[in-house]
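The following pair of complexes shares a single chain, subunit A, combined with subunit B in the former and subunit C in the latter.
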Partner chain A sequence: MPKVDVTVEVCGMAGDGTIAAGGLINEAMASGGFSVLGFDSYPAEIRGFGRCVARSRIGSEPILALGDQTHVLISLNDEQSGVRVPFLAYNALVFFDSNPPVYLNEKQSVAAAVEPGMTLIGIPFSDLATSASGSARGRNLTALGGFAAVCGAAPELFRNMITKKFKAKGEKVLESNLKSFDAGYYYALSNLSDRMRPLFALPEQSDVAGRLIMSGNEAIGKAALDAGVLLYFGYPITPATPIMEYLAKHLPTRGGAVIQMEDEISSIGAVLGSFYAGTRAMTATSGPGFALMTELITHGVMAEIPAVILNAQRGGPSTGLPTKTEQSDLHAAVFGGPGDSARIVIAPTNVEECYYYTVMGFQLAERYQTPVIVLTDFYLDNRVEDLPVPEASEWEKADGNLYPAADSKGTYKRYAVNESGISPRAIPGAEGFAYTATGLEHTERGTPDYSPENHMLMTEKRYRKIWGALADLPAPVEFSARGSMDLGVIGWGSTFGAILEAVDTARSLGYRVGALKITSIYPYHVQEIKDFMSRCHQVLVPELNYSGQLANVIGHLCGKELIRLNQVTGVPFSPSAILARIERILKAGAL
Partner chain B sequence: MKTAGRVLAAKIRSIKESKAFGIRSSELPTWCPGCGYFGIHQGLNACIQELGLPHHQVVTVSGIGCAGRSPFFIDTYGLHTVHGRTLPVATGVKLANPKLTVFAIGGDGDGLAIGGGHLPHVARRDVNINYLLFDNSIYGLTKGQPSPSSPTGTKTKASPYGTHDRPLNATLLALTYGASFVARLFAGDPAGIKRALMEGTRHPGFAIFHIYTSCVTFDKFFKTWANLKKWVHPLPEDHDPSDLRQAFDQVLEDEFSTGIVYSRKYPLPGVS
Partner chain C sequence: MSEEHFVIIGNGPAANEAALTLRERDSKARITIVGQELKGQYKPHLLPDFIAGAIEEDDLYLTGPAFFKERNIKLRLGQKVVGADFRGGWIILEHKEIIPFSGLIIATGARPRIPETVQIFEDLMLTLKTPADAKVWIDRLSEVDSVVLVGGDLVSLSVTDALVSLGKRVNFVIDEESFWPVPFSYEIREQVARRLVARGVRVLSGCRLMRVRRLSATSLEVVTDCETLHAGILGAFFGLIPNVKFLSRTGLDIERGILVDEHLKTRFDHVYAAGDCAQVYHPAIRNYWVSIGYENARLLGRIAALNLLGGKFTVEVARESIFRMDSIRVNTSWWMEL
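Our next item is the complex of A and B:
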């Protein structure tokens, strides 16, 4: 079977159905057994101003990151698509509407922009959709029909997905959408036989059972349900809102609720109140909301109350870069807030990990009686990947609370100082264990005491507890040949896929490089990271932030200056940008 | 002397019989002698005792300020949070376990300034928590700055030439926000506080108790005991708490009438 690695891009104006078309490509190809990674970029305006791009990388091998080049461009609006031409492969296929609904002069047509090696495929999307269904609204599906015919993608895969998507909207809507798709498909079969390019010969044994396609946000929502969350408190914010919407649909059916709060401060407040009273709850936000939460997070640290906070990073304040991706809240997550307030910060690197790390977050929060921050980002939350159906283990789902022993009634000390730093936590309703949880510095019994020795003692207790969590936190994972390396690349979060692809390519080119994936951001595995660094002549840390935030936290472990690769363009790293940096470093070293 | 001794003994006996101290924690209150908060606490303690609420089924949630220390002095579960966030945290506690009786406690700075944005939303959500707003019109724990309910012209170290801002009226705000149970009370009347709290605790939605009280240390000019005793009086006997219009009129016309101002049971509260 030939290796498939094709990037398809749908481009149009907001309102053209661009994102919907991209979603259908992802679902259809994944259902055919391909590995898929899809990511949309869209403007902050709802309709009418901006460019929408839905990119999908489709492969026969597992896809780790978005590709560098686009092989197929489906243009729903040529004015928007023109600027995408420089990102096309030299022999790309370009689908466009040969009779667009909005008059374009020749210069505006994407046909005028393509390079000589590219193949233009003009299909009258709007006309065909109108004659098939009575409306041009289905022209995005007509475009997909043409794409499926020319690229040799089985039309049944698309028809199934269209049916799945529109079934609930009624027979009539479904039928007109299927007709729009077929119009493009059969038009291409009969009129474009000279341009066929079968890119997607189906895998011979497409084993799709037990696999599904989901976004990072869906994985997080599903994880919350599987972890037994009953309450979600949140405030709408891109890119975390889909988690709230997912849970709003599912929680009421299991006796829970989504409460849309008045701001992020009240959201984390209610999450703490809920965990205090013994019920798993969560909130999800992005950087601007997270900034508002920091005081109550440190209250959770001091009062030793569990909480799970998901921070889907974007850039800057609420004005900032609301629909772009960045990894610039690591400092805020680890250090943000008043006082010494160590808390657990974990960061998944792909959609599957989004699920497992969210479930784990609840376990860790209860076990270590602390707020746990799960750091994702726009790119990770909104991208879709195919993955094996995720299922949390019994350990992951188990009640992580340590309750006081029945015979400690009367002598119960909520904040008892001990070796692990974990003191039994009574839940309101338990008779004989009433205590006051407080953010004031307190004695073992929970009564206020800010004497010098006591603050020292209690601060040490809390730090001991957090660093003790390393026992349960996933250790860094190394991808390299054993032994010493010329260059080690350390990565975290959504960026790691691109790093791994770049490192794999570099190794196939003969470079002695390796990659280290860090998912436990705080506390971190000092010894493992040191070991890796000590085997690398040089160490590179690519991050989607300007200040090098992971590098700042772990840099002291290295003993030599880390090389940083910092990109703040609002878009994910491309593997080739990282590969280029790797080669530049190693070639300079060879001189 | 003999008579005085007998009176004292009788008083101690009656206090013991009332079980009012059965809910006191081993922590002694840190409030200044003469503080109005003692009276409020007496009312709250008596309410819990008379309703027969098991102490382990009660949670007191508080913010920062002198009022914020309340949970330490009462033998129930307590959650002493941060400044202004009493109501959202209490919301989480109540929704997590509706069997618990939740008292949220905060001062006028906590509830009308830094936490003022939460009151409308907890009121419209009608979460079944009981909110005691201790209103002494001064920041006590930070040693005497003007609060959102201080009258215009209040002179403190932080406002040596007098304040320009007009005061907020918490009872009027609560009515405006659609709170389903609104009481205005006086710290000098613990029995009145107890009665209102008992009724509000039985009320199946959000209940706010706006309690006028005195800061004996930092307020020598406005809500002094002498003034409050002069100003405070019960609502007219014919006041109908089910009539929102009447409640508004009453609160607009008379700033110092106390009692249950408004009470309405919504058939299906959004969340209980």
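Our next item is the complex of A and C:
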């Protein structure tokens, strides 16, 4: 079977059903056994204006990142789609409405933008949808029907997903959507025989059992449920809001609740209170909300109270770029707040890891009695991937609390100093285990004490505890042929997929390169990172921030200056951009 | 920056030459070519070779996708013009896009002609004008071993060679409209018939197509006034007629083609026509003529462009070999409407 690697893009105005159409492509193709990575971008403003783009990279082999070029553009709004043409492959297919409701000028027509070599495929989306279902609302599905016919994507995959999506809305709604899809499908079969381009030969052994497709935010929500979270406190903010929505749907069915707080300060306060009382809780926010939380996060550090905070990064600073991606909260996550407030920061790199790292976050928070920050970003939260159904083990979901021994009743020291730095934590209300949880520096019993000796002792204890967590934190993962390399590329978060694809390509071109994935941002695995760096003649760290925040944190481990590749365009790295930098570095080194 | 926007409808030799001439003389103007074909300009005389498998599809095309982009000429392929307002200065595309122009050259070429008497059988006939047509031939030829050709224009002779080279049985029905629009003499027609017979082709000379009937997916019954034939494909080669139907309600003067003066200008300022779609006024004979042939089309395209830019060039068509078969050769450059 020929290798499939096709990027499809649906583009329209907010309200055109663009994201819904993209979602159906993702689900349909994944159900056919393809590997899928989908990512939507949409305006910060509410429905009615602004460009929406749903991109899906579909492959017969695992997909690690969005592709560089789009092979199929489905235009639901020509004016918006025209600006996407420069990102199309030279021989791309462009589907568009060949009989729009109004006349267009050149600037409003995608047909005016396409280049020779690309193939325009005009289908009267609106007319067909209206004829089929009585309304033009299903024109996005008509467009999908045309796409399925021309590109050789099995229509049953789409019909199944449309049924799944609309079944709950009643027979009439489902039927009209299926008719809209079929109208486009059969129109294309009958009228576009000269433009057929079968791109999607189904994988011969498509084993889709036990696999599903989900977004990063859905994976985080599911992880929270599986980890036994009962309470979610939050304040809506892009791109974290879908987590709140997911849990609002599911938590009440298991006796839990989602409570929308007045702001992020109260949200983190409530999460700390819940954990303090022995109930798992979480909050999710983005940069501006995270900034508000920092004081109380350090309270959690000082009082040694668990908390799980998901920071879904977006473009910043301040309100910044709400619907654009960036990795620029790493410093804030690791160092934000007053004092030496060490906390655990972990960063998944794909949707599957979003699940497992979130579950892990609860375990770590309880085990190390500290706020744990799970650092994702817009690109990771909103993208969908196909993955094996995630299911945390009992061990991963287990209660991580270290409770005081019964015989310490009456002599209990909440902040007992010991080798691990982890002091047994009693749940308030337990007779004989009372203590004061305070943000003031305190003694082992929790009473305020600002003496130099005590502050040194307690600060060391807290840091010892956090660095001790390395025993439970995932070590960096190396992707190389081992041995020495001309260039090592270190990455974190959503960027790592593009890094790995670029490195794989570079290796296939004969370059001696390797990649290192770091998911434990703080504390970090000093020896493993040092070992990798020492075997690389040069080290490159691509990041979606301007200041090179991971490079700033780990740069001191490298005996040489790190090479930085920083991008703050609001869009993810493309593998080719990283590959180009790799080749430039290595060619310059060869001179 | 220049406000000029020159639009050329068509993507054949006249259109392409016009675009290149405009760019050569005006480096700043916006130039747009709108063509209905999905790919760029092709070499029509190679279509029979493509059918015969002697060349690859890519060999049919003159320029790659980048050719016009490098010259800052916007090439819009697979897009169909359906109307125009020449006084208002805009054309309209099938997908409801309006394109304004300050100068327009219509060079839409010609399309296969099917005589009125047999138009009811059009769906059962194959013609050959574009690469897409050639692909249909290739597809159908893979399933059949015999072909009937009717009419007998210039293209059909090359197609006959291709079919013979593929080992197909060919019946060639030549009637009095053969070689249309060139008024060949009976002697030349019979001479061509003899050459065809020498190549193993069965010729029915002086016979007329009466009706066609599909017997099965791969079999047709072709009835002439001489005899009834059976074949897998019926190829119709009755010449070409200007491709101007879509302009019929735009106010242009149209007979068989678009009527233009000796400078290729239509009745509208800044609107010219060139190539196979034009009927050009000849002051000497005080009548209109049409031309065929690649070089003629290019020449007309160039003149139209020069005149659109303010020139006053008149057409002087070079004699061109349009037909050659063994020792039979006919030279012509233009002719009157039959």
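Operating definition for what follows: the second predicted complex is superposed on the first by the 586 of 591 C-alpha atoms of A that agree within 3 Å, B and C clash if a C-alpha of one lies under 4 Å from a C-alpha of the other, contacts with A are read in each partner's own complex, and residues count from 1 in each chain.
Here, contacts are C-beta pairs under 8 Å (C-beta built on N, C-alpha and C of every residue); 3 or more make two chains touch, one makes a residue touch a chain.
Small disclaimer: the values here were computed from a predicted structure and weren't measured.
Trainee: Considering only touches as defined above, state whether A:115 meets subunit B (first), subunit C (second), both or neither.
Mentor: second
Trainee: I want to verify the contact counts: of subunit B and subunit C, which reaches more residues of subunit A?
Mentor: Of subunit B and subunit C, the partner in contact with more residues of subunit A is B.
Trainee: Once the shared chain is lined up, is A:90 touching subunit B (first), subunit C (second), both, or neither of them?
Mentor: second
Trainee: Once chain A of both complexes is superposed, is A:430 in touch with subunit B (first), subunit C (second), both, or neither?
Mentor: first
Trainee: Would you sort A:265 into first (subunit B), second (subunit C), both or neither based on which partner it touches?
Mentor: The answer is first: A:265 touches subunit B but not subunit C.
Trainee: Mind working out whether A:100 is in touch with subunit B, subunit C, both or neither, as first, second, both or neither?
Mentor: second
Trainee: In the overlaid three-chain picture, which partner chain does A:392 touch, first (subunit B) or second (subunit C), both, or neither?
Mentor: A:392 sits against neither subunit B nor subunit C.
Trainee: Once the structures are superposed on A, label A:195 by its partner contacts, choosing first (subunit B), second (subunit C), both or neither.
Mentor: Only subunit C; A:195 stays clear of subunit B.
Trainee: Would you pull the subunit C residues touching subunit A in the complex into a rising list?
Mentor: Checking each residue of subunit C against subunit A gives 38-40, 65-66, 68-69, 74-79, 92-100, 132.
Trainee: Using the touch rule from the top, collect the residues of subunit A that touch subunit C in their complex.
Mentor: 90, 96-100, 102-106, 108-109, 111-112, 114-117, 119-120, 122, 194-195
Trainee: Which bits of subunit B are touching subunit A when the two form their complex?
Mentor: Listed in rising order, the residues of subunit B that touch subunit A are 27, 54-57, 59, 61, 69, 71-72, 75-82, 85, 87-97, 99-100, 117-118, 120-121, 125, 271.
Trainee: Which residues of subunit A touch subunit B in their complex?
Mentor: Subunit A residues touching subunit B: 230-231, 233, 257, 259, 261-263, 265-267, 269-279, 281, 295-296, 299, 303, 428-440, 447-448.
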